[in-house]
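Both complexes below contain chain A, partnered by chain B and then by chain C.
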Partner chain A sequence: MFLDSDLLMSALRALTPILLAALGGALCERAGVFNIGLEGMMLMGCFTAVATSWFTGSPWLGVLAAALAAAAYSLILAVGAVTLRGDAVVLGVAMNLLAVGLTSFLLRTVFGVQGTFDDPSLAGLPLVGGFSPLAYLAWAAVGVSALLLSRHVWGLRLRGVGEAPDAAATLGVSPARYKYAAVLVSGVLCGLAGAQLALGNVTLFSENMTAGRGWIAVVAVMLGRALPLGVLLAALLFGLAEAAGFRLQGLGMPQQATDAAPYVVTLVALFLSTAQRRRRTARTTGNARTTGVAP
Partner chain B sequence: MAVDSTGVLAARAKGALRSPVTFSVVAGLVIGALFLVGTGADPLAAYGAVVTGSLGGDGIGATLTTGTSVLGLALALAIPLRAGLINLGGDGQLVLGGIAAAVTGLYSPLPAPLTVVLALLAGTAAGAAYAALAALCENRFGVPLLVSSLLLSYPATSFASYLVRHPLKEPGSSLPQTRRLPEGVALPAFGTSTVTAGLVLVLLAAAAYWFADRRTAVGYEIRMTGLNPRFAAYAGVERKGLTLRLMAVSGGLAGLVGSIGVLSFPYRFLDGSLTAPGYTWTGLTAALLAAAAPLGTVLAAFFFAVLQVGGLSMERTTEVPRELTQVLQAIVIVFLAARLRFPRPRRTRGEDRDPGAPEPPTPGSAVPGSAAQREAV
Partner chain C sequence: MPRTPTRRSRSLRLAAVASGAVLVAGAATGCNAAAKKDDGPSAEGGGRSFTLVTPDPVGQNQFLKLAVDGVKAAAKAHDGTQKVYQSSDSASQQQNVQAAVDAAPDVVVLVGFEFADLVAQQAEAHPKQQFLVVDACTAKTYANVSCAVFREHEGVYLAGAEAGLLSESGRVGAVDVLDTPQFRRYSDPFAAGAKKVAPKTSADTRFVGGQSPFDDSARAKEQANSLLAKGTDHIMAAAAAGNYGVFEAAGAKKAYAYGVDVNQCTAAPGTVVDNVIKKTDVAVREGVEQVLDGKGGRTVSYGLKEGGISLTGLEDGVESSKCVIAEHRDVLAKVEALRDRIVSGELKVDDPAAE
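What follows is the complex of A and B.
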C-alpha cells in the first residue's frame, strides 16, 4: 500500500524544519517585513547546533545555541530593513549568501574539513514517541501563533503594524518594535528549524545543507496566506512530497526525479491556489481582469 | 578645458567616495580584514596574495576565464534587475544551456565550426526558454518571479544531473559526465591559455546591453520601469510583455554562459561543474552592487572574479580558507542593501514598504498573504 501511516509518519518528520521556518516567515509577513532570509537563518542554526553539540556533548545546548545564533543573525534583517529601511529582498538574498559563505568558512576553520562534518560521536536529538522533541514544539507553535494572532493583543497589534503602520503608530503602537520582535522570533524559529535539520533529521553538517528548504518555507507562507494553520497545511504538502519521493526512490525511480519532486509539487500548488483565488476574486468583483494597472 | 575636466573628475571622485557602493566595498574589506586577524593571518599579506594571485602572470588567465562566466551571469541578472525584476533561477538556466550545448556538440552532423555555432545557439535558446517559463508563471499564474525562477531551478539541475548519470553518461567513466566533444568542437582559445572566444561573446553582450540601455527606447522603458513601475505602466509600458522579454534575454545569456563552459576545457558536461563555483550568486552580487548599470556591472564582475581567483592563492600563502572571499562578497551586499532601496514593480504586502510613506489603498489588502494583492491585477 502506497499511502499508509508510514508515509504519513515520514511526511510529519520531514515537515518539521519547514514548518518552524515558515511560521517565522508568517509572523514577519503579518508584521509587514518580507523575510526571504529564512534559508540563511536556518543554515546558521544548522552549523551552530552541530558545533555546540560537538563541543559540549549536549544536543540540547546545541538547540539553544542554534536559536540564539539565528536570532542574532536575524538582526541583520531587522536593522537593515526596519531601522535603515533598506531593501528586504536584497537583504534576504545577501543573508542567504552570507550564511553559505560563513558556515563553509567556519567548517574549515573550526573543524578543518571541507564539504561535510560527520562524526559517530556527534550527539543528535533523541526521539520521543517516534518524533523529535522539536516536532512537538513545532506543532505547539502552530497553535500558539494562531491564538496569538487571532486573540491576543500582541498579535492584533502585530497585524495592525503590518497592515496599517501609520494607524498603528497613531494609536501608540511602535511599528519598529513589533517588526523587530517578529524578525527576532522568526530567527529563533529558523534556528530551531536548523537544529532539527542537523541534529534531528540527520546528525551532521554539510555545506548548504538546507538546500532550498528556507525557500520552500517562503512559498509555504504564500500558500498558507501567512495563517499558521494554512502554513501547516502547506508544509504538510511539502513533507508528503518529500516522503513520497523517498518511497518512489525505493521503488526504482531515479534519485534526481525524487529530488526535484518537492519543488515541482510546491510550484504546482502555488499555481492551483492562485488560480482558485483568482476565480474567487473574479466572482466577487465582476471581472478582475479589467482593473488594469497592478497596485 | 583641462581645468574643467579635472574639476569634473575631482567632483566625480568625491561623489564616488561618498557613494554607498564605495562604502559597502570598504566595509566589506575591513570586516574581511578582521576575519583574517581573527584566524591569525596578516590581512595585508592576504589581500596582497589575492591581488598578485589573480592579476599576476600566472593568475590573469584564470581570472579572465572565471570572469567570462561571472560577467555573463552578472549581465544575465542585471538586465531584468534594471527593471526591478530579480531572476534567481540562473543555475537552472545555466545548466540547461550547458546540457543543450553538450547534446548539440555530441550529436550534430554538421562540420565542427558550424556545430560550435549551433551549440551556442542551442544553449542560449534552452536558457531563454526556461527563463521565459518562469516569466509565464508570474504573468499567467501569479506566482512571483523571485519564487518561480528559483523553484524552477532545482528541477532543471536535477534533470541535467540525471541525464549525465544515465542516458548521456560516458561509458566506462566513474564520473557523472558526458563524452568529450568531438575534435574541433570547441571555442577558439587565445594562444595556449584557457581564455576562449567566450570572453569576446560576453563582452559583446555587455556592449549591446550598454547600447540598448543608453540609446534605445527599450532601454529607456526598462530603466523607467525600474525607477517607477507605476509611472511606466501609466506611460504605456506593457509589463507582462516586458517581463517575458527581459527574462528570455536573461535566461538566454545564462544559457550562453553554460554553453561556453561546455565548449571550453574540459569540453564536456560534468555534473556540478557549472554550478559549484557559484557563478550565479557571484553574478547576482555583481549586478546588485552595480545597481544593474552596464559599465558598473562589468567592473563589479571583474572585481568579484579577482576575489574568487585570488582567494585560491590567498589560501595557498596564508592558509586562510578561500571561502572567506564568499563571506566578503555577501558582506558587501548586506551593507549595500541596508543603504539602498530598489523599487519593485509589484510590491508584495510589507515588502520594503516605507512606514513613513502613505500606502495607497489596494483592493484585497484586507486579505493577508502577499499573493492577495496580485489578484487585483
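What follows is the complex of A and C.
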C-alpha cells in the first residue's frame, strides 16, 4: 500500500513549518520586499522556542517567545531594506548566516552543549487530532491572509504599496509603514514555523535544524506566485514529494534519487505553470512571444 | 570516515553549564585564546610528551573524554606529560594543530575526521613529527602518520542480533545518514545480525539525505515513522543529530532504538536498547605505544577483538546505563557468545565499506 493515511500525515507534518514561513514570505513579496531571510528567522524561532520552553516549562510561552524573537530579528530586514534602502537579498543571506552562528553560539553559552540540545523533560506542543495546534493555525492563516489580500483595505493597500509605491504614497498610504508591517508579520510567522519545527515536529534544538526549509518556503512563494492559496498548494506539493520520497526508499529507490524528488517536482510545476501562463497570455493578447510571461 | 552522531550532539546536563563556565574562566586566564590548555603533570623530567587536539570542546562529550583518558594513560605509562588542546571551530582546529606541532611533542594525537586534511599538510611540512589520527586517516600514507580506525560494523552486527532476539514483529530497520558504503556500516550489519539470530527477520533501511543530513532531526524522525508504519519495532539510529528524532518517533510508538558512539540511553530511557560504542581511549593508548615502538606510519583497525568497539550492554555499569538491555540478561548472554565467535575469527562480519 503506497498511498495511505500515514503518508498523508507525514506530508502534512512536513508541510506546516514550510507553510507558515512561506505565508510570511508571500506577504513580504506582495509588499515589495523580497524576503529570503525566512530560513534564519525560522532558526531563531526554533532556538527561542526551545530555550523558553525549557526554562519556563511551558511550550506556549515558547511559541510566544519564538514569534516575538523572530519578529525582532526581522527588524534587520525591515530597517535595512526599507529605511536604509539596502539590498534585501544581501540582507536576507546575511540574516541566514548570522542565525546559524548566533544560535550555535547561544546553544553553547546557554545550555553548555554543542550540536544538539535534547532532554526527555523538555515540554513540546500537545497534539490535537494528530497535529500540533500550530498546524491548524497555519491552515487558518492561509484563509485569513487570502481574505486580507483580496478583500480588506489593509491587504489592498499592501498590494498597492508593493506594486506602485509612488502611487500609494500620493494617496496618503505610507509605503514604509506597510512594508515594515509585512516584514514583522513574516517574522512572527517564521517564529511560529520555528516553534512548530522545534516543539512540534520534534522536541529538541540542533544546530541548523531548519535544514533548508526556509529556502523551500522561498521557492513555494515564487511557485505560488505569492498568493496564499498558491503558496499552500506549492508547500503541499513539497510535503507530499518529501513523504513520498521516504516511502520510495522503502520500495528500493536509492536515497540519492528520492532526495531529488522535491526539486523534480519544483521543475515540473514551474514548467507547467509557465506553459499555462504563456497560453493564457497568448489567448488574451494573441501573441505570446512579444509579451512574454506576465509577472 | 563517517561523521558519527554524538560527536556534535550532547544531551543537556545542567552541570555542563557549570563546567562550561569553568572552562571559559580557564581560557580567559590562559595566554592563547584559541587553545584551552589542560596541562598535565608539569614535571618535564625526560619523559615522553603527548599532545591531544580535539575537534570540539571536550565538555560532556564522552567520545572525546575517552580520548583524553587515553592520552593521560599513555603519559602515565611513560612517566611523561600530556596536553589537551580543545578546538571550538575549524579555525581553532587549525591553530591548535599548528600550536601542537610547534611544541614538538613525541606524538601529536588528533581525534576526528576533521583533521584528515590538516594532518596531511603538517605531516609533509614536518617529517620528523609523529602524528596519530584516530577515527580517520589521510588519503595518502605518510611515514610519520599513524591511523587508528574502527570496525563499527562488528558492533552494529551485535546490536542487530539484540534486535533480532528482542523484536516481536520480526521487522527491524535502520535510519542512516547517507547511502554511502561508509555509512552503510551502520545499517547493513544491523540487518545481518538480526537475521543471524532470527532468520525470518525482515530488515529495511532509510537514509535521511536532504540538504543537511547530519542536522535534520525532523526528517530523521519522519524516516523512522515510515519504518514504524510498516511494523518495525527495533530501529538502529545512526543519523547524527537526527538520532534524537529517531528516539522520539520510536518512543511515541513504544518501539525501540539503538544509539551509537556513546551511551545515548539517557536521552530516551526506556526506548534506547543499547549503543554501539567507540572506545577512543583504547585506540589512543595503543596507537601511542605503536608509534613509540617505532612502528609509526601504519593504519590499525580496532574492532571487538581489540576492544575498540563494544556495546554499552557488554561493558561494566550496564545496570546504571539506563539502557533497556540491562533487563534482558538472557539476550546479553547470547550476544556475548556471538561476540566471542567474532573475536575468535570463527564468524566474520561483512564490511560494506570494504573495497
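Here is the rule we go by: the second predicted complex is superposed on the first by the 249 of 295 C-alpha atoms of A that agree within 3 Å, B and C clash if a C-alpha of one lies under 4 Å from a C-alpha of the other, contacts with A are read in each partner's own complex, and residues count from 1 in each chain.
Everything below uses one rule, namely that a residue touches a chain if its C-beta (ideal position, glycine included) is under 8 Å from a C-beta of that chain, and two chains touch if they have at least 3 such contacts.
Values in this document were obtained by computation on a predicted structure and should not be read as measured data.
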Which partner reaches more residues of chain A, chain B or chain C?
B
Could you look at A:259 and tell me whether it touches chain B, chain C, both or neither (first, second, both, neither)?
both
Between chain B (first) and chain C (second), which, if any, makes contact with A:140: first, second, both or neither?
neither
Applying the touch criterion given at the start, work out whether A:243 contacts chain B, chain C, both or neither, answering first, second, both or neither.
second
So in the superposed three-chain picture, is A:31 touching just chain B, just chain C, both, or none of them (first/second/both/neither)?
first
Pick one for A:204: touches chain B only (first), chain C only (second), both, or neither.
second
Kindly classify A:162 by the partners it touches after superposition: chain B alone (first), chain C alone (second), both, or neither?
first
Which of chain B and chain C A:119 touches, first, second, both or neither:
second
Touch check for A:97: first (chain B), second (chain C), both, or neither?
first
For A:277, is the partner it touches chain B (first), chain C (second), both, or none of the two (neither)?
first
Going by the contact definition given at the top, which residues of chain A touch chain B in one complex and chain C in the other?
108-109, 212, 215, 254, 256, 259
Chain B-touching residues of chain A, taken from the complex the two chains share:
29-34, 36, 76, 79-81, 84-91, 93-95, 97-98, 100-102, 104-105, 108-109, 159, 162-166, 169, 175-176, 212, 215, 218-219, 221-222, 224-227, 254, 256-257, 259-260, 263-264, 266-267, 270-271, 273-275, 277-278, 281, 285, 288-289, 291, 293-295
Across the complex, what residues on chain B touch chain A?
35, 39, 86, 88, 137, 141-144, 146-148, 150-152, 154-155, 158-159, 161-162, 165-166, 229-230, 233-234, 239, 281, 284-285, 288, 321, 323-324, 326-331, 333-334, 336-342, 344-355, 358-360, 362-377
Chain A residues within the chain C interface of the complex:
4, 6, 10, 13-14, 17, 108-120, 197, 201-204, 206-209, 211-212, 215, 242-243, 246-247, 249-250, 254-256, 258-259
Chain C to chain A touching residues, read off their complex:
7-13, 16-21, 56-57, 59-61, 178-179, 204-207, 209-212, 215-219, 221-223, 225-227, 229-230, 241, 244-245, 248, 267-269
